[in-house]
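Presented sequentially are two complexes of chain A, the first with chain B as partner and the second with chain C.
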Partner chain A sequence: MIAEAGHFALALALALSLALSTLPLLGAARGDAALMEAARPLSHGVLLTIAAAFGFLAWAYVVNDTTVMNVVQNSHSLKPLLYKITGVWGNHEGSMVLWVLILAICAASVAAFGGNLPSVFRARVLAVLGWVLVGFLAFILLTSNPFERVWPPPPDGQGLNPLLQDIALAIHPPLLYVGYVGTAITYAFAVAALIEGRVDSAWGRWVRPWAVASWAFLTLGIAIGSWWAYYELGWGGFWFWDPVENASLLPWLAGTALLHSAIVVEKREALKIWSVLLALLAFGLSLLGTFLVRSGVLNSVHAFANDPERGVFILGLLLAYVGGGFLLFALRAPAMAPTGLFAPVSREGALVLNNLLMCSLAVVVFLGTLWPMFADFLFGVSISVGPPFFNMASFPLVVPLFLAMAVGPLMPWKRAALWPAVQRLWAAAVLGLLGFLAALAIGGWNPLPLLGFAAAAYLIGAAITDIADRAGVGRTTLANAWNRARGLPRAAWGAAIAHAGVGVCLAGISGMGFATERIAALSPGQSVAIGAYEWRLEGVRDAAGPNWTSRRATLTVLHNGQPYAVMEPERRFFPIGRQTTTEASIRTNILRDLYAVMGEEEGGRAVIRVHYKPLAPLIWIGAIIMAAGGFLSLSDRRLRVAGGARRREAQAGVPA
Partner chain B sequence: MTPALRRRLLLLAPFGIVAAGGAAFYGMLQGLQTGEFNPRGVPSVLIGRPAPAFDLPEVPGAEVPLFRHADIAPPGRPVIVNFWASWCVPCVVEHPQLMALSREGVPVFGIAYKDRPEDSRGFLRRHGNPFARLARDEPGRAAIDWGVYGVPETYLLDAQGIIRWRFAGAVTPEILAREIRPLLRRYAS
Partner chain C sequence: MSATSHATPRRPSGLRSRKRQRLAAVGLVLLGLGVAVGLFLSAIGDNLVFFRSPSDVLAEPPPPERSFRLGGLVEAGSVERGGAAIAGSRPEIRFRVTDGANTIPVVFTGVLPDLFREGQGVVTLGRLGPDGVFRASEVLARHDETYMPPEVADALRRAGHWHPAQGAPPPPAGWNTMNPRGGSGG
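The block that comes next holds the complex of A and B.
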């Protein structure tokens, strides 16, 4: 019964979404307030029905209902409860239900909290979200029904993919989906603005919180994915330029560009056409990622179960939404004239530079990911693009990006002189030099990581300079500056913190350049050392978990000859899937990671690989700081829709 | 062309790109269904032909004998030729399967593709060496002659040195059991 109820709830959601996608538009065109107002209860109804469907599906997982195909394929009674629940979105069908659930939550929150948006505009935004909901609900119901029954029911499920029983992998998709869905909201705002044919500073203000939220969640989602690769794949890397990773990076790059260009729209009413284009593009790239991962055109280890038929459906959705959006853009954008003018050297200019560099990076990643496929399809030529290409092509783009990132926030709007802004960065430059020298003294000559440390220290210094400068440090008493700093808008703090987060992350990446590793076949009692650390193998023993058995090594870590910690790397064997996974053991003190992996055993000796990774945790801490900057900026009073609307009314009162 | 028209055309460009890209993707999906386009098991024109000639340097310091063209012209028994790189994630995934083949005595010959020698060496030291012979194709020239789509890519040659099977992507335990082992048995005699 539960499965049928869930299926019915999804069908009901589709019906409500169909109404949501048409009635408010009709109302907006006719000026019928009642039809426009229907958007709000309809979006709440969609949320309710989809939440019910998701709940029914989760329930089927929790009770291990083996009459449901999806449960049989992806779950097992022996799975810990937590992973039964996270298993709901660990597969194609369930993850699509989560996707529409998050979209419905966002649509309902636009309906609930967008009370101060103009009612015509809000109706159109919700209707556009209705189209997106219709498309994806139809996709689920027609090609990926999670509630399909199987009869007679098998005794138990088959799904125990050990790689998926992992906490990072469990929270990674929801975070990424919130990010992707956030781009759907900015897309809806862009399309609604194109339908109205008007983009003004208010539009920039409405779009920005969604762009920032989507960006912050994408940042966290990508960081957690990378962290998973770091500890689970067992060889210490954190980014592999895998097509699926790139697919999540592309909307992040477009979203980063959008949240910066929306500032210019809000403050100066410039870059309007460009921002609308970016909003369409960010959603397009999110959908492209969905298409690539789920259609089978891509050759990757991360890809979901592939099915060309589903691919055709997603491609149809992609073309309808993105193609339709761009067609509307081509029709309406020529009529939108830029109003705010600015000199090339100005805050706007710096943000334009940021946009150009971000988009160039996106183009590099896009071509590197897709070109091999297209070359193969169109010309039958096989080419391979790997990290060497991405590293080489992105390096000349990130260097000016880091330089400009520091200078931009210090420049005034409209017209600026470059030199005074650069002058104010002297302290940051000194910090950069110190970072370089300190890394040189500790790590030795290694040009790229050293430059990375210099840039990291420079970026953090520049972020501090930004806040200090706004607070008037040096121009007033310290106590006064402190008060002014506390009174600065949270958006200013958020920007500075996010920029500093980039510096912290960069320091972590540079630290990877100094990482060292050793591998040795050890008998109990023997040890292997890196620098002041020594790993002594005490023994290898059998261990068992709920659905695995393992060989676990016990290593005593000695620091300068004194016992310091115990590390227990293991190799787990999952009998039901006949799979082996490596569980690396990691000891961190934030400034460095000790990383140990156990390899094969032979003749009483175990192969032990140990890494010493200075500053590695900073990569993910930096990403968390970036996202924290985004969330702080979200809490800015000015960004809240209510605050924005008040100002808009004030503006409307001024005769033009 | 008037500036206004040029502006209109420029603003139409994103739509044009999406339309063209969409058409190509649609072609790929159709190809996937008919089997004409397959990103994993790209049907190679080399199937049924002898392996292309190559002359590659060794991986210095790896202490694995150099893989020469003479080794497979003909090899005298079925062999596996594997293109790999230390920077490739699927190569880590398939590595245990290559190790298993190597332990069973199947000659596995490796070509390190666009990889620095120290990185290749590091990879083999970390994960173990499945390769009986090894060569280094840093510029990727031999890979072009072989028609390599991307690493990892694996070829199975019969005793006469004729390419019988090709697979682009990680050799999973299933691929090993369902494809490689039966082929090895078939061409063993």
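The block that comes next holds the complex of A and C.
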């Protein structure tokens, strides 16, 4: 019964979404307030039905209902409860249900909290979200029904892929999906504005919170995915330029561009057409990511169970939504004359540069990711494009990006001069030089990471300069400046913190450039050393968990000959599914990671690989700081409430 | 500040027509695209990694400085874990990769991925040594044991082990029990 109820709830959600996608539009066209108002109860109804479907699916997992195909394929009665629940979205069908659930939550919150939106506009936004819901609900019901029955029921399920039985993987997809779905919301705002034929500064103000939220969640989702790859795959890397990673990076790049250009729309009524285009592109890239992951057209370590039929369906959705959006754009954009004119050297000019570089970066990543597919179609050759390509091609774009993102916030709107802004960065430049020299003294000559450290210190310095400058440090008393700093709009703090987060993250990435690793076959009592650290193998023993057994090595870490820590890397064997996973052991003190992996055993020796990774944790801490900056600026009341903003703006200057 | 005198103050944009600004915008977009495509073209040439099956490699050995991906099945019984004789030495693993028709010996130093198994599909990244031994720097792992890299399936098909006319490729677990040389896939 549970499965049928869930299936029915999904079908009901589709019916309600169909109504949501048409009635409010009709109402907006006719000026019928009752039809427009229908959007609100309808979007709440969609949320209720999808939440019910999700609940039924989760329940089937919790009670291990083996008459449901999806549960049989992805769960097992012996799995810990936490992973039974997270297993709901650890597979294709369930993750799609989570996707539409998050979309429905966002739509319902636009309905509930969009009180400051004009009712015609809100009705159109919700209708566009209704289209998106219709497409994805149809996709689930037609190609990926999570409630399919199996008869006769097998005695137990086949278990979840052990690599996915992990807490990071439990929270990674929901965060990422909130980010992806956020691009659907900005898409809906863009399409609604195109239908209306009007984009103004108010539009920029409405879109910005959603762009910022989507960006912050994407940042967190990507960071947690990368952290998972770091400790779970046991390779010691954090980013592999894998197609699936790139698929999440592309909407992030477009979203970063959008959240910056939306500021220009809001403050200067310029870049309007461009921002609408970016919103369409960001959603298109999110869908493309979904398509790449689900269809299996590209080879990836992350491959879901592949199914060409689903791929074709998603490609159809992609063409319909993005193609439709672009068609509307082509019809309406020429009529939306730009009203804001501006000089190239100004705050908005710097934001244009940001957009240009972000989009160029996105094009490079896009081409590199899809090239294997094109090469296969066009020339029939099987190739892959690896990290060296992405590093080489993105470097020339990243350097000016870092230089400019420090200068931009220091420039005033409308007209600025470059030199005074650059001049104020002297402290940041000195900090950058110090970062370079310090890294050189500690790590030795290694040009790229050294440049990275210089840029990281420079970015953090520039963020501090930005705040200090706004607070008037040097122009007034320190106490006065402190008060002014506290009174700065949260969006200004958020921007500075996010920019500093980029610097912190960059420091971590640069630290990886100085990482060293050793690999050795050790018998008990033997050791392997990196610098001042020495790992001594004490022994290997058997261990067991709820649904696995393992061989666990005990390593004593010696620092300058003194016992320092014990590390226990292991290889787990999952009898259900007959798989082995590597559990790396990591000892961190924020400034460096000690990382140990156990390989195979042979003749009483175990293969042990150890890494010394300076500053590695900063990669993820930096990403969290970036996201925190985003959330902080979300709490700025000017971003929530339309009124009451002008006065403070004039007082405190405007954040980037 | 004396610094302001260095800067050329911008004139208000009265003279700058909207048309010119729109033209500038289109120009900027084209510039961004051009730069991106230029970077792509300049970097892609040296960094393309081709996939080769053992038969491809024997027919047309790639130059030793060019890294490529070698894929096929790990030949049953070919895995030797050597190099562990000396205390603390680097563990060296030797195995052969086959597509049923030909095999290439591979040597790899490192920790093998969890799903590496004899008879299982494998993709390795590295360079071909002058002695005809492939020196792998990476052995690629997959999340999923039932996953067959498409290139490997293709290589097997080309070597005559399996033909699309026979339906879907057999699951990789099934390759375990197959004789890699005997053509039992027929």
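Definition applied: the second predicted complex is superposed on the first by the 635 of 656 C-alpha atoms of A that agree within 3 Å, B and C clash if a C-alpha of one lies under 4 Å from a C-alpha of the other, contacts with A are read in each partner's own complex, and residues count from 1 in each chain.
Just so it is clear, a residue touches a chain if its C-beta (ideal position, glycine included) is under 8 Å from a C-beta of that chain, and two chains touch if they have at least 3 such contacts.
Here the structure is a predicted model, which is why all the values come from computation and not from measurement.
Novice: Which partner does A:Arg605 reach: the first (chain B), the second (chain C), both, or neither?
Specialist: A:Arg605: touches chain C, not chain B.
Novice: Is A:Leu281 touching the first partner chain B, the second partner chain C, both, or neither of them?
Specialist: First partner only, chain B.
Novice: Thinking of the overlay built on chain A, is A:Thr580 touched by chain B (first), by chain C (second), by both, or by neither?
Specialist: A:Thr580 contacts both chain B and chain C.
Novice: With both complexes superposed on chain A, which partner does A:Ala15 reach: first (chain B), second (chain C), both or neither?
Specialist: Touch status of A:Ala15: no partner.
Novice: Once the structures are superposed on A, label A:Ala51 by its partner contacts, choosing first (chain B), second (chain C), both or neither.
Specialist: A:Ala51: touches no partner chain.
Novice: With both complexes superposed on chain A, which partner does A:Phe342 reach: first (chain B), second (chain C), both or neither?
Specialist: second
Novice: In the overlay, answer first, second, both or neither for which of chain B and chain C A:Gly323 touches.
Specialist: first
Novice: Which partner, chain B or chain C, is in contact with more residues of chain A?
Specialist: The partner that reaches more residues of chain A in the superposed model: C.
Novice: Per the contact definition in the header, classify A:Ala485: touching chain B only (first), chain C only (second), both, or neither.
Specialist: neither
Novice: For A:Gly311, decide between first (touching chain B), second (touching chain C), both and neither.
Specialist: first
Novice: Please identify the positions on chain A that touch both chain B and chain C, taking each partner from its own complex.
Specialist: Common to the two interfaces on chain A: residues 233, 296, 299, 301, 382, 384-386, 388, 519, 578, 580, 599-600, 607, 609.
Novice: Considering only the defined contacts, which chain B positions touch chain A in the complex?
Specialist: 4, 7-8, 11-12, 14-15, 18-19, 22, 24-29, 31-33, 37, 39-40, 42, 85, 87-90, 92-93, 96, 113-114, 125-128, 140, 143, 147-151, 168-170, 173
Novice: Quick one: which bits of chain C touch chain A in the complex? Just the residue numbers, please.
Specialist: Of all residues in chain C, those touching chain A are 1, 3-4, 6-10, 12-13, 16, 18, 21-22, 25, 28, 31-33, 35-37, 39-40, 42-44, 46-51, 69, 81, 83-84, 87-91, 109-112, 114-115, 125, 140-145, 147, 149-151, 154.
Novice: Which residues of chain A touch chain C in the complex?
Specialist: Interface residues on chain A, with respect to chain C: 161, 163-164, 233-234, 274, 296, 299, 301-303, 305, 337-338, 341-343, 345-346, 352, 356-357, 359-361, 363-364, 367-368, 371, 381-386, 388-389, 392-394, 396-397, 415, 417-420, 423, 519-523, 526-528, 571, 577-582, 597-600, 602-603, 605, 607, 609.
Novice: Taking the complex as given, what residues does chain A use to touch chain B?
Specialist: Residues 229, 233, 235, 240, 242, 273, 277, 280-281, 284, 291, 295-301, 308-309, 311-312, 315, 318-319, 322-323, 326-327, 329-330, 333-334, 372-374, 376-378, 382, 384-388, 517, 519, 578, 580, 599-600, 607, 609.
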